[in-house]
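Below are structures written as structure tokens.
Both complexes below contain chain A, partnered by chain B and then by chain C.
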Partner chain A sequence: MPARTSWIPYALIAPSVIFLGALFLVPLVQTIWLSFSVGDGFSMENYQRMAGDLNFSLAVRNTFLLTLVVVPLQVVLALAMATMVTKLDKGRDLVLWVLTIPLGISDLAAGLAWLALLQNTGYLNSALYALGLIQGPMGWLSQETPWALFFAIVLAELWRATAIVLVILIAGLQLIPKEFSEAAEIFGAKPWTRFTKITLPLLKPSLQSALILRTVLAFEVFAVVYALGGRNFPVLAGEAYVWQNDNQNYGAAAAYAVLIMAISLAATAVYLRILRTRPEQLP
Partner chain B sequence: MTHPVPLRAIAATAALFGGLSVAQAQETIFYSTQLRPIEEATKVREVLLKGLPGKTTYVVDEPPAFAVRMKAETQAGKRTASVVGALHGELQPHVSADLQPVDDVAAKLKDRVIPANLMELGKLGTNQQQYIPWMQATYVMVANKQALQYLPAGADVNSLTYAQLQQWGKNIVDKTGQRRLGFPAGPTGLLPRFFQGYFYPSFTGGVVTTFKSADAEAGWNTLKELWAVSNPNSTNYNFMQEPLLAGEVWIAWDHIARVKEALTLQPDQFVAFPAPAGPKGRGYMPVIAGLAIPKDAPNRTGGVAVIEHMTKPETQLATAAEVGFFPVVKADLPPNLAPGIKLLAGAVAATQNARDALVSLLPVGLGAKGGEFNKVYTDTFQRIVLRNEPVRDVLEAQAKVLDALMKDTGAPCWAPDKPSQGACAVQ
Partner chain C sequence: MADIVIDRVVKEFGPFRALQEISLTVNDGEFVALLGPSGCGKTTLLRIIAGLETQTSGRIVIGGQDVSNLAPRKRGLAMVFQNYAIFPHMSVFENVAFGLRMQKAAQAEVKRKVERAAALLHIEGYLDRYPAKLSGGQRQRVAVARALAVEPAVLLMDEPLSNLDALLRLEMRTELKAVLRQAGTTTIYVTHDQTEAMGLADRIAVMYGGKIDQIGSPLEIYATPATRFVGGFIGAPPMNFIKVRCHGGTARIGDATLPCPSTVTDLELGLRGEDASLSANGSGIPFDVRVVEPMGSHLLLTGSIDGQLARIVAPPVAKVNPGVRVGLNVDPARVTWIDSATGRAVARA
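Take a look at the complex of A and B:
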């Protein structure tokens, strides 16, 4: 190889490295520093404020609960949808396009759309009332109905963010050679066996990407929760927002931000380890 | 000259940019957290700022963005706004670092007759004038006329007590099966001000010193009963005009700017009246917005001109008529106000002139801790009313937080608490 071209790869990645350095690494270091400083010195005070707050344990519990319920459901749904889409002969593009519409909608807009459905004077209550099932407007999103509120948030999140998993899984499914499945069929493997023994193992790299992406985003969930429940359902990112904007305590807000990052990094590390694919397992 | 055309283009461009920068130097940027909705901002641009010489650009921002921008511009050493308009509490965190004293402007405006207590608030706890009072508002109760038939016997909306309000809400629950009393307890609702300006003064005669008194304990127990007849969606309400207009809430307490739409859209459907009275009087809190000049303002003269213009009696009256904020200067409201604004003006006058009125001032001297001061009250509310924790224990625990906060800032007591030597302490 001629040596004179060796700088080209570096030059090509330089813009993104500079971009990440300026707009990601610098703020990251600043945030970490902000979370550990009070006045001019090093201190854990912000973390103590955060952990001692009345909404902290609730926010941790809610965020994990939401992630543990929403992410597995999304993967199952997306797997079913992706398998269905790949089996389609006609209208495949149209179906895929319709299924991915929620991807194009901002999460706050999605939250507001669900709010319009579920609030006291919303479409759900109107429909139930018209059917004679309720006497007057029912509150679904109040602090006195925590499970209905939780269910509403799960529903909105499923609707909004399953498509991103779907897109990744479809790309993964298309990479699996048809021959494996056909060979198994000749040997008499039933569809379910083919799915669990061939498709799923070969889909592992895509599942890994999808899980990492969705889990990290689930730990950052904010706009949908805020639109539907305000502060009735505290989550980590929401608390960071409240400390920053309402309480004007930037240190405690930074502590929350660092905590969310630590949880996301830990989750990513777990996925990378559990769903590791050795090169010989790749199709 | 081998390239005459490009050179000429460069010269023209330079002249253009030079011209622009001169134009920018003459422009006055008026940066505000108030009158943000597009209709109100348009009124400011097209009506209220009319008659000012030179170009004034009115720019609005949410309060948190305002705070960040003021600090960022100070750090960067590059200021864009020459005059800022914000609430008393929003200006407070910027004292000394981001604002410059305006004693000279205050001296110029002597003839406007702004009440001395308002001017004193404008010093923000320092000995120099930090802002000039711009306009004022307060909080009122608004009720749907459908609710009036359920008023307890002998009760008059203009001299309501908290006990009567509770009975009123209970009557509505008993008769209609719906909890139709509402409070703005949502994420951006102004409930903290209810505690600081209404609930605590009315029940305890103080805000900080009486935080965990026996009177406060009794008050919180009353509030629990009040909450039992309040709409459970209250923790989602930020602006009470929305649930009022939707008919979801029949009786509400909120800032006049946040119920104005209900009153101006349907003046025949609603009544406005003062907040209720407790054992110690009818607590109420005036809200003051002020005009200040940021440090290193690019066009101080232009900024001063805006302040002079906005505090003219005729501009102040136009402000009341157009956007429903009331004058800080001596000026009588015209009789031809819109019906909704007239309702508000009536409720404000009834509040100020009530025999048992008990003025609660805005917190002074808390600096950047204003948000955490609010948090003490909302946390107490969450724990006692929403999570049903024992009143005594919560008050003891939160009093420690409040006491530490007051010591930390060294803020002396403000009315209705008795003046203190040094930091205001919880008793």
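Take a look at the complex of A and C:
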């Protein structure tokens, strides 16, 4: 291609760059500035207020706890499901379609659906009552039952967001030629060895994408938590929402937002480092 | 070391019969090529022997043990895949060592055997590299070294040279033959390339339409094809088939006559291009030359015998012009007679 036309690629990506700049980069800088300023000057006051709040340490703990429990479970579940789906001879599309239905449901709607199941007068209690296992309505989602509430949120998150990991992993599995597994089988590898020694290492790029996406989203978890537990289970994004809307303190809300971003970036960096595939090891 | 007995193996994919009752015995240390066009079932048969595919009926016996229902890893064999299937995330050393690691061999033994296999295939210099940094020929060597490192009783190869360029293929073919002879491994080698099969194999099984048309040494298969398909598939140019009628043990082509088996009337004369020689005086079977192609080592003449397409190989210095009619001398002992109705060779008198 002649050198004269080298501006064309830049022109082609210009609209998306401008779009990103206007709707992402500018608000990002504004938010960071907002979090570090009071009035017109630089100040750490917003961060001090955020860290000094009663719910702050709880929100940090809860968010990390949720992420550390939900993401690994989702990866294990998705790996198992993806392995099974790729082994199906018939009805694979139908199974995949059913498994990915939750992807099409907004997280708030998903939270409300689980609320209908788990609240005092919900389906779970009705079923347990009908079976004679409980005497009357039981509260699962209150402050008195933090572990039941935590478990309910984990369950709802697993149901809602495992499918995105599944989709990424299935796409990744399909990229691995079946000869690798066959060769391993010929040379004596048992199924579990084939999975750990061949499939998992070759799936690393997909695992990395899935983990980054899911972990970043897990640190932003909000709607499901809010629907099921309200502020009984404070999380970082929920606190940002409260500071922004209930307390009308935009600076503290921005501080939360920046904190979430910093955590997400750190997690992404960790994944990029730990799960990197060296170029010479690519298929 | 082990022999392989393939006993009436049938493979059906739904209503399609990919293999129809294949039986074949490969002797201990023998190199047998499964040769045939794509879709003839040769790769399916190889995968059934490997255990990667399950036969619909029939048995596979390796070294006296019925392995028909055993997992691939319990069959004591190694395989070289068409696209090599060497593991991209492992170094060349670990690739070659893979089978030994699965056998839980001690580190010293792994190292010794990997180094020996690497030396055999001349890849000692690349053991620390990853496959992505290797050329096609080098990957091919790694795949063969990985298979030989486990010192398998049986080695299966699925078109191992077909991804290499022509020159490299010739080089690897020669080397492969030397290496495998030295190892003494019983080998089944799938290929669609007749020169590969002829050059490498002790015996060739020519497959067509899910059946073995003929099993024999390369020379037997070339000189005395059992069917019209084998004659046409093997050899370049392929065997000529000229329709003739046989009356009272004599077939008449133009003014020439040839003795023919009198059991069948409608015959085809199977004639190798190099088994006919130009007669000095124009006598013999009349051949109308249409095209003359000088190939260096010989002249390739394309024309017709009795109105039917034929290709004849002549000495490079022969003076033949397109458009002329020449006479061909044919040794009756070197022709093959094919029954037109069945496509099978008629027994020689």
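Observations, loosely collected:
The definition used in the following text is that the second predicted complex is superposed on the first by the 283 of 283 C-alpha atoms of A that agree within 3 Å, B and C clash if a C-alpha of one lies under 4 Å from a C-alpha of the other, contacts with A are read in each partner's own complex, and residues count from 1 in each chain.
We adopt the following convention: contacts are C-beta pairs under 8 Å (C-beta built on N, C-alpha and C of every residue); 3 or more make two chains touch, one makes a residue touch a chain.
Note that the structure is predicted; figures quoted are calculated from it, not measured.
Following the overlay on chain A, a side-by-side fit with no clash is recorded for the pair chain B and chain C.
Of the two partner chains placed by the overlay, neither chain B nor chain C lies in contact with A:Pro15. Shared-chain residue A:Asn247: touches chain B; no touch with chain C.
Once the two complexes are overlaid on the shared chain, A:Leu202 sits against chain C while remaining clear of chain B.
In the superposed pair of complexes, A:Asn232 makes contact with chain B only, with no contact to chain C.
Contact with chain B, but none with chain C, is seen for A:Leu54 once the two complexes are overlaid on the shared chain. When the two complexes are overlaid on their common chain A, residue A:Gly104 makes contact with neither chain B nor chain C. Superposition on the common chain places the nearest Cα atoms of chain B and chain C 52 Å from each other. Within the complex, the chain B residues that touch chain A are 64, 67, 93, 177-178, 186-187, 231-233, 235-236, 246, 248, 368-372, 374-375, 379, 382-383, 386. By the touch rule above, chain C contacts chain A in their complex via residues 50-52, 71-73, 77-79, 81, 83, 85-89, 98-99, 102-103, 129-130, 132-133, 146, 150. Looking at the complex, you find that chain A touches chain C at residues 177, 179-180, 182-190, 193, 198, 201-202, 204, 277-283.
Across the complex, chain B is touched by residues 54, 120-121, 135-137, 139, 141-145, 226, 229-232, 242, 244-249 of chain A.
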